[in-house]
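Here come two complexes built around chain A, the first alongside chain B, the second alongside chain C.
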Partner chain A sequence: MSLIDLMSMAKPNLKSREKFLARLGGTELVNCFQCMKCTSGCTSLKLLELKPHEITKLVRLGFVDELASSDIIWACATCLKCVQRCPQKASPYHVIMALRNLAVEREANVPEAYLKAVSQILETGVTAPVQKVTTKKMEVFDRESLKLPKINAPKESFQSTFLKALEEKQ
Partner chain B sequence: MMKLAVFWGCRILTSQYAYEMSIREVFPKLGIELADLREAVCCGDPVKSINNFAADYLAARALALANETGLKDLLVPCSRGHFVLSEVNDSLTKDETRKRKITDLLKGEELSYDPNVKIWHVIDFLHDRVGLEKIKKALEKPFKGLKLASHVGCQTVRYSDLGRVDDAENPRKLDELINVLGAETVDYPEKLDCCGAALTYSHLDAALSLAGSKIKALQDLAVDGLVVSCPACQMMLDAKQKDAGTAVGAKLNLPVVYYTQLLGLALNIEEEKLGLHLNQSPVNQLLTKISA
Partner chain C sequence: MAKVGVYVCHCGLNIAGVVDVEKVVEHAESLPDVAIAKHYAYMCSETGQSMIQEDIKKHNLDRIVVAACSPRMHEETFRKTVAEARLNPYLLEVVNLREQCSWPHSDEPENATEKARELVTMGVARVKFLEPLEKRRISVEKNVLVVGGGIAGIQASLDLADAGFKVCLVEKAPSIGGRMAQLDKTFPTLDCSACILTPKMVDVAKHPNIELLTNTEVTCVSGFVGNYEVTAVKKSRYVDEDRCIGCELCTQVCPVKVPDKINEGLSETRAISIYSPHAVPKVAIINPTYCLRLKYNACGKCVDVCEAKAINFEQQPKTIQFKVGGIILAVGSEVFDASKMPEFGYGRFKNVISNIEFERISDASGPTGGKIICPQNGEPPKSVVFIQCVGSRDKRFHEYCCRVGCMVSLKQAILAREKLGRNADVYICFNDLRAFGKGYEEFYERARGLDINFIAGLPSDIRSAADGSLYSDVYDRGINKLLEIHADLVVLANGLVPNSDFDKISELFRVSRSADGFLLEAHPKLRPLESPTAGIFLAGTCQGPKDIPDTVAQASGAASKAIDLLSSGEIELEPLRAVVNKDSCSGCRICESVCPYNAVEMKTEEINGVENLRAEVVEAMCQGCGLCASACPAGAIEMQHYTDEQVLAQVYAASLKTEARGGSPI
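Our next item is the complex of A and B:
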């Protein structure tokens, strides 16, 4: 979705913007002068048309609500090149992650795999079930047959504490 | 003997067994004892997208478990885990309220967060702490005539404000670690390109294309193999190599190995103990060349 698309659909919401900037903590975002170093090095630019400098600009213009419900925020590969290269420390990566958190709070379109990972962590402590692996010769191995030590799930208090942490609004 | 706590993270413990096996073989051979944490838990990486506070809780919890070992050095072999644990220290230093809230949550679990643990990755631990000289002396079967490429992984080297494993734009340590084994390394334009692992959550095709383009570029350079040191990168470049080939319309057959597997071979450890039979890419090509 391009900058023009988002802007033609809605009016800026300055209240959302203020709240969002407070969530980000730092005020560096407003120092962005659109040099586009983030976008020129962005891993997701070519394949998914992610343009981090546009996201930064849209936040500043007050289109936070539209961004939170847009698919584009889920196109970031989290390679951190934009954080590294931003001369103004406006760090589009952190802006995108905060937008994702906002999308979750608003129950917008969140890719299912993320939610699955969270419920798996709640259940077992780790993001995925312990898998059996198959070699190229079609032999199947697991931790035990590979003589790897058994792994221990977190103690019971973990589940309720993690749930409490997930309820924290930012 | 040096002793080191290890936080393995999820991916190594649940599927990328070859990394764990090779680390458990190689480190003791270099005189380093490893101590596992009491529990297997997530570092918080995917949770960052869902709720940053909960992600910080998980990361701080992992560090609190490391504290329990009483050791001041923690090995985090996963690039993503290494980044998440490094970033939580930074964010809790900057935000006292958040730090208090998280400390309280952990107190309820009889855990205590203490940032005074040095977080190491395999690359910087071997390069800076063990040292190239010591590794060189320990080699039993140094390589000859091998041409390899390195893939350091995005989150091991970025972003520098957190203090990372190597330089963000020109990482050399993994190359130097490969060179000390007697192999040549190549510099290539795609060296810093991302493997795409994080995109598997939302855009699998794009993720595979990223991995595929990188391998394709390396095949054109006729290297004998690619060396990685992160379970997410290995999953993309090794386990998903066939699918990555389909995504970019190319037949890919590049051997991809963990650095610790390669080091293990030079230390004369048996292939199976290093989990080389678990790699999905055609590692036999590389193994034949090594034993020739």
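Our next item is the complex of A and C:
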């Protein structure tokens, strides 16, 4: 592409653009006419400055590499409002998820929390660790005091299936 | 032996950019009976046409093949060319190398060239069997049916009537006027809609050449161009149109409240009422779903006060039949129902209204007397937010641009500014603002000068705060900031959408619909006023969203087209008609039952003392659709210009090539 981002002097990478669009199954999901409806309603805009319309436009222009190594793609709260309301049936959510997958593949700038979540699942079989709960009356409960059954560590077969699934995804 | 001339057109680069025209010519020269083959940049140009004419004279050609664009585009042109050279115009075959070859195969030029060669082979095979034919002339009715009494129907009717044609204007509502009768002021001049519309409505009612049928629907159309037979049903008004003087005494005493249709249900009228303040004819109508007398045989207060003795509860629907030469469809469109789009809360929040409701609120004859107020509390709004592209440019609903939403909102924003004063805030949230017509950009400039805030971005949703007030977050792409806008009144720029009864209409009048759901014109650029069915014309928003200037222009155009068709009292018909071979006809009557034009008549004939039933095609009524020919089990019916011999020659030519390649023919 014959353009340069003069603010960062970055040039678009056409190869990664092509590869990425193939992964999205064509341009349908980035078929955006910049009406701002997604950004107006974005849950992560006010706190984390995620602008879905910018992501779609940057992908179209070929700045995929910059996006894959950026922090901003990890800000999406996956509320899916943008998917539901987009008048052009584009989907910033799906684009962001694809960018996250690309970032994992490239081992680029993946937030620690996400990596922790993976090892957490591998070790315990659940996404969030079992925690103690404090009520308004400052009483502390855990599973044992609530007489809930213990959660066992996952079987080895689960771990191998999970790892295999992760590899296949890539 | 036939002497065939083959002419391959480049169509600039449309054909020659893909198909190797020289190879096609080379191939044509090798075909039997082809005397001459040429190619040229634009066959339809004068040079191209005279080239064909000179060759016909010089080489005594008796059959011509033109390989160019679709025959729908230029078959008539080349028929004239051939006829001027004293050759029967029906000895011409047009091979479509553009729409059916170079355009769809633009990325595979070699295969396209191969296909072009085969198409030319097939054309040459067919042209040899063509027979000279003469056009038929039939007489036509010199009157026109106009369906729909909005501004399009009104304009078309007046134009036709002024030109001396008898017009029958059918409107399904109790009054003419249509959508324009609901509008307050019109862009870009801000003249009031009623002031320019009502004189025309009165002209329609008074014109000696116009028969006005309100509260009437067309139920059946048969016949063909120049000779349509129309059946319409005039629904019961329960009020005698000739007696009612429009004094509205009945409305004053009627106890039953009914939502007012002309005010989009924002106010109430009574079960007996006059449709709108400017109604033509100014005659009351009883709503049978609400009237106590018609439902329970009670009340009857209106009868007591009516001095003209116009009320008649026994009135029955009346069936009317008449013959017309042409039909103008001006059936209009509907406004998008924004409750299909839950994020904007239309229907949930009282202060979110549609643009047509804003028109009623702003109109001096509307429910508020022209005062702009919030429906919820009746207070004038301190801030008004317009949201553009509701239901249009949206793949979930309608993909097209509604073409009026931007200008309607600009106008309404200006009206809001004028009526609410400088202290109110007016916002327009848009994606693209399209001000494309004459004087429209200047109108946009005028709105900017009136301190109307343009927000470059659409809100994701409308929300209500704890106190019930409305607000919305909008990201403006001009300043890259997220804005929170508090709105007392939200106006949605709903687009125009196809009528819900278009299915019925397209079946009734045999007109098709385009992908967007509107009625289809014969050609998007060159024949925008006609439907593909001969003698049926389109006017106004039934063909696609339009503003008033475009609607009026199209209506006048459609009227001129109808005048053009019918003025001589005679029309020429293509000689494409069905011919029955009486010896093969078994009298099974299948053709009679399939013919959509009632052109087949059954006659008894005596042969050797035995009476036999035989089908006969009435020449003037046959439209050459070919249904009977394909339905005839005995193969006794043939289509002129598409005889079995002619079509099979083409099929044979196509299958020969397939066979040579190792495939099986058919």
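The criterion applied here is as follows: the second predicted complex is superposed on the first by the 146 of 170 C-alpha atoms of A that agree within 3 Å, B and C clash if a C-alpha of one lies under 4 Å from a C-alpha of the other, contacts with A are read in each partner's own complex, and residues count from 1 in each chain.
The rule is short, and it goes like this: a residue touches a chain if its C-beta (ideal position, glycine included) is under 8 Å from a C-beta of that chain, and two chains touch if they have at least 3 such contacts.
Being a predicted model, the structure only gives us computed values, none of them experimental.
Enquirer: Of the partners chain B and chain C, which touch A:141 in the superposed model: first, second, both, neither?
Expert: So A:141 only meets chain B here.
Enquirer: Counting touched residues of chain A, say whether chain B or chain C comes out ahead.
Expert: The larger set of chain A residues in touch belongs to B.
Enquirer: By the touch definition at the top of the document, which applies to A:81: first (chain B), second (chain C), both, or neither?
Expert: both
Enquirer: Per the contact definition in the header, classify A:37: touching chain B only (first), chain C only (second), both, or neither.
Expert: second
Enquirer: If we overlay the two complexes on their shared chain A, which of chain B and chain C does A:51 touch? Say first, second, both or neither.
Expert: It touches chain C, and chain B stays clear.
Enquirer: So, does A:127 touch the first partner chain B, the second partner chain C, both, or neither?
Expert: Touch status of A:127: first partner only.
Enquirer: In the overlay, answer first, second, both or neither for which of chain B and chain C A:155 touches.
Expert: Only chain B is touched by A:155; chain C is not.
Enquirer: Quick check on my understanding: which residues of chain A belong to both its chain B contact set and its chain C contact set?
Expert: On chain A, the overlap between the chain B and chain C contacts is residues 81.
Enquirer: Help me check something: in the complex, which residues belonging to chain A touch chain B?
Expert: Per the touch definition, chain A meets chain B at residues 25, 43-44, 47-48, 74-81, 83-84, 97-98, 100-101, 104, 110-111, 113-115, 117-118, 121, 125-131, 133, 135-137, 139, 141, 143, 146, 148-149, 151-155, 157-158, 161-162, 164-166, 168, 170.
Enquirer: Okay, in this complex, where on chain C does chain A touch?
Expert: 343, 389, 393-396, 431-432, 456-461, 472-477, 482
Enquirer: Please give the residue numbers of chain B that touch chain A in the complex, ascending.
Expert: Listed in rising order, the residues are 10-11, 13-15, 17, 20-21, 24, 36, 38-42, 45-54, 57-58, 61, 83, 94-95, 101-102, 105-106, 108-110, 154-155, 158-161, 168-169, 192-194, 196, 198-203, 206-207, 209-210, 275, 277-278, 280.
Enquirer: Can you list the residues on chain A that touch chain C in the complex?
Expert: Contact set of chain A toward chain C: 33-42, 45-46, 51, 53, 81, 85, 87-89.
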